[in-house]
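Each chain gets a letter, A, B and C, in the order it is written, and its residues are counted from 1.
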Amino acid sequence: MNALLRHKYATTAIIWALLLTVPAWLPVFGGYTALAGRVLVFGLAAMSFNLLLGFTGIMSFGHAAYFGLGAYGCGLFLKYVSASTPLAMLAGTLLGGIAGTLFGLLLVRRRGVYFAMVTIAFGQVCFYIAYKWDDFTGGYDGLRGFARAALDFGAFKIDIANNSTAFYFFILAVFGGAAVLQALLLKSPFGRSMLAIRENERRARFLGLPIEKHIWLSFSISCFFTALAGSLYALLNNFADPLGLNYIMSGNIVMITVMGGMRAFWGPLIGAVLFVALQDYVSSMTTNWMFFVGLTFVCVVLFFPRGLMGMFQKGART
Amino acid sequence: MTPKLEIRGATKAFGSLIAVSDVSMTVQSGELRAVIGPNGAGKTTYFNLITGFFPPTSGEILLDGQNINRVPAAGRVKLGMGRTFQITEIFPELTVRENARIAVETGQGYSLRFWLNAGDRKRIDDACDEVLEMARLTAKADRLVGELSHGDQRAAEIAMALALKPSLLLLDEPTAGMGDEETYQVTGLIRRLHRDSKYTIVLIEHDMRVVFHLADRISVLAEGKLLAEGTPEQIAANEVVQNAYLGKAE
Amino acid sequence: MFQVVMFNLTNGLIVGAFYVLMALGLSMIINLSNVVNFAHGNFLALGGYFAFMLTPYVGFWGALLISPLLTAVVGYAIEQILIKHVYARNHIYSLLLTFGLGFILQDVCRFFWGPSPLPLGIPDSLSTPITADLFFITWYRVFMVAVVIVAVTGLFAFLRYTRVGMRIRAGTLDLDTVSALGVNVAALRSYNFAVGSYLAGLAGVLAAGQIGLNPNMGDDLIMPSFIAIIVGGVGSLTGTLLGGLLIGVAAALTTVFYPAASEAVIYVIMAVVLLLRPRGLLGEEGMLS
């Protein structure tokens, strides 16, 4: 156990050390800082999704909806309301989180494949709205015409709008805050009740746990975090894309999680590294990127179902 | 004194099939009652009636003198009926302590909390230590339950039931599928809970050896009916029981 | 006005018929194997492209007979090679697997037949309108609906009267018992997957004759098929049939009165059903939880 704990602390320390020094070492490998920002955003989305898949044992296949709503909420706020980056992020997080909370009410009694199907359908509803509501959301072309604004603390400003390193550290700060909150959540009694539902729903019910309420809450929390990641995504691109709401995006979030390892806290972040690297590499190499991405999905499912982190963990089963 | 648990003429019919027919039983506080019977005698249905898996077709189930016919299973757990399952129900990929802790936190109403203060944490830790000690699992507290032996898994399941501070423990074939050594371990645990900790226990069992050395009183079911009831000595000497049950090869 | 209503009503029936064919295949696979086949739309495209290849040699009629069978064979092979390995695992893996498979199949179609739309030639006798007044209703449209009716009737007869069909139905209700009776569940699931693929292939040929071919032609049909299953109720094929027709016709009728909402109405129907009757129109209680 102590060895296991040491192992966990060591992993966490290494990950933070690497993240904090990205601007120093990434260019050496030919990467650029915005790429690392994308890793953090997808990593946060997948870690938030994994609160459901890996830690509550519930399978949503529509998380792009909350990611995308986060992006649109943030972009729309910047475009139509006020050029305040923090408030825009709050708006995006609330939009996606509240939508998820409401959808969650219709979901909690469903399980397994059926739960997944309904989440897909809800996701498509959001995609469809963003796609059709041209004048407001930009429709097919996506939402443009907004830009992240520098952070103004009165006494000093942080120019995240133009300074890419400053913006990276801004994303890292938000990511870090969210990751700490998620870690605390998983260590709380509520977090343990999520694990109990994952492990054995029937047993948990017979302990007197109100399963539906807990699944709903866990779904809602997951959606708020996912929407936060989405709002960062809008800031990253200064653009909100209707395809970000599509079920293909949902599939990518699931894939990132599984590829990295859904039973490990940092698994989805590792998955995001692999995914962003793969996407960047394959799409620059061949026009048949769908074939190779699809092949990767199939291979991961068949040969590496526990993901990269899972291969180094003992005990956990698929 | 009001009996802990009283069953009055319980009957359960599934369509035309009568699985349990007019069975009565009174369990006093502190008593260890075994319900035995050959396979197909209606033991499981009877157990399900008591735990609230379904309501009886007729008859009454009283807990501390209160009719609980209409109280569903989860509600009966809240009223103090702790239970274990025939197939051990645990959280396999969590440690023994986490299993106990989830039960403690749920039982004491902490499960919706996102943080704990030092006082709460101490209260929960102490309660976990206590039930793990009772189940003799302290030394294995940090092992994953799924990796433990069958007997230890059963002990962990019983520890989870104890964490809810039940006033009545219902055990569904606690030694099912176990070898001699594990059976010995689990019956030892049940005996300690009964003699030292004064729990009221009802257990369903078809392994006769387990029951005769453990129970204060035994109810024998056969074909859905109560065939006999008495102390282990009386049951052993009862010819009807011998013909119906002991005569058959188990 | 009459013509507009008729136009949209027949359109709705046809679109609904497509949803039904797609959704029935998907539904069969979900019911017996608990796999949501994301690649189902790509099987549809495959059926269409097979017909495109075969038409020059065997004509439209020959292609209509052979292409769905070829699709079924491909489905059977894919089930054997890939999908059967994930039945025992967490559902997330079957979703991811078929999701990736969809990507692969789409790119395979693009690789062999190119990204641009292709037409599928249909016999002249089918491309003429049935009357001058109803010039928009070609015989092909009537023919499509007829084929769907025949196929659905055939499917229900297959499930009711053949040995394999009866076992599939029994397996849907209680797989453990069927397995305990000595039925080879693995083989049953393979046949079932092949039948589902056959239906997708058939829908592909019919669709290709109407709207032509492109590599992602199935994508627009897969989501309404999911919704048809949710609306009809998971576990009930009759429910799926009803759900498919309902959303097809509802979407078409909405086109008459308020075209902008023609797709939205599908989602509205789903939301209403989920709110008022969570298990779907004909769904069984146990299937949902």
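In this text, a residue touches a chain if its C-beta (ideal position, glycine included) is under 8 Å from a C-beta of that chain, and two chains touch if they have at least 3 such contacts.
Quick caveat, the model's predicted, so the values are computed rather than measured.
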item: Relative to subunit B, chain with the most remote C-alpha centre; value: C
item: Centre-most chain [mean C-alpha coordinates]; value: A
item: Distance from subunit C to subunit A - Cα centre to Cα centre, in angstrom; value: 32
item: Centre-of-Cα separation between subunit C and subunit B, whole angstrom; value: 50
item: Intercentroid distance (Cα basis), subunit B paired with subunit A, Å; value: 44
item: Subunit B residues touching subunit A - in the complex, by the definition given at the top; value: 73-74, 77-78, 83, 85, 89-95, 98, 101-103, 105-107, 110-116, 142, 144, 147, 160, 164
item: Touch list for subunit C against partner subunit A, complex; value: 30, 34-36, 38, 82, 85-86, 89-93, 95-97, 99-108, 110-111, 223, 226-227, 229-230, 234, 260, 263-264, 267, 270-271, 274-275, 278, 287-289
item: Of all residues in subunit A, those that touch subunit C in their complex; value: 53, 59, 61, 106, 109-114, 116-118, 120-121, 124-125, 128, 132, 247, 251, 254-255, 258, 262, 288, 290-291, 293-298, 300-302, 305, 318
item: Footprint of subunit B on subunit A - complex, ascending; value: 1, 184-185, 188-190, 192-193, 195-196, 199-200, 202-209, 213-214, 217, 315-317
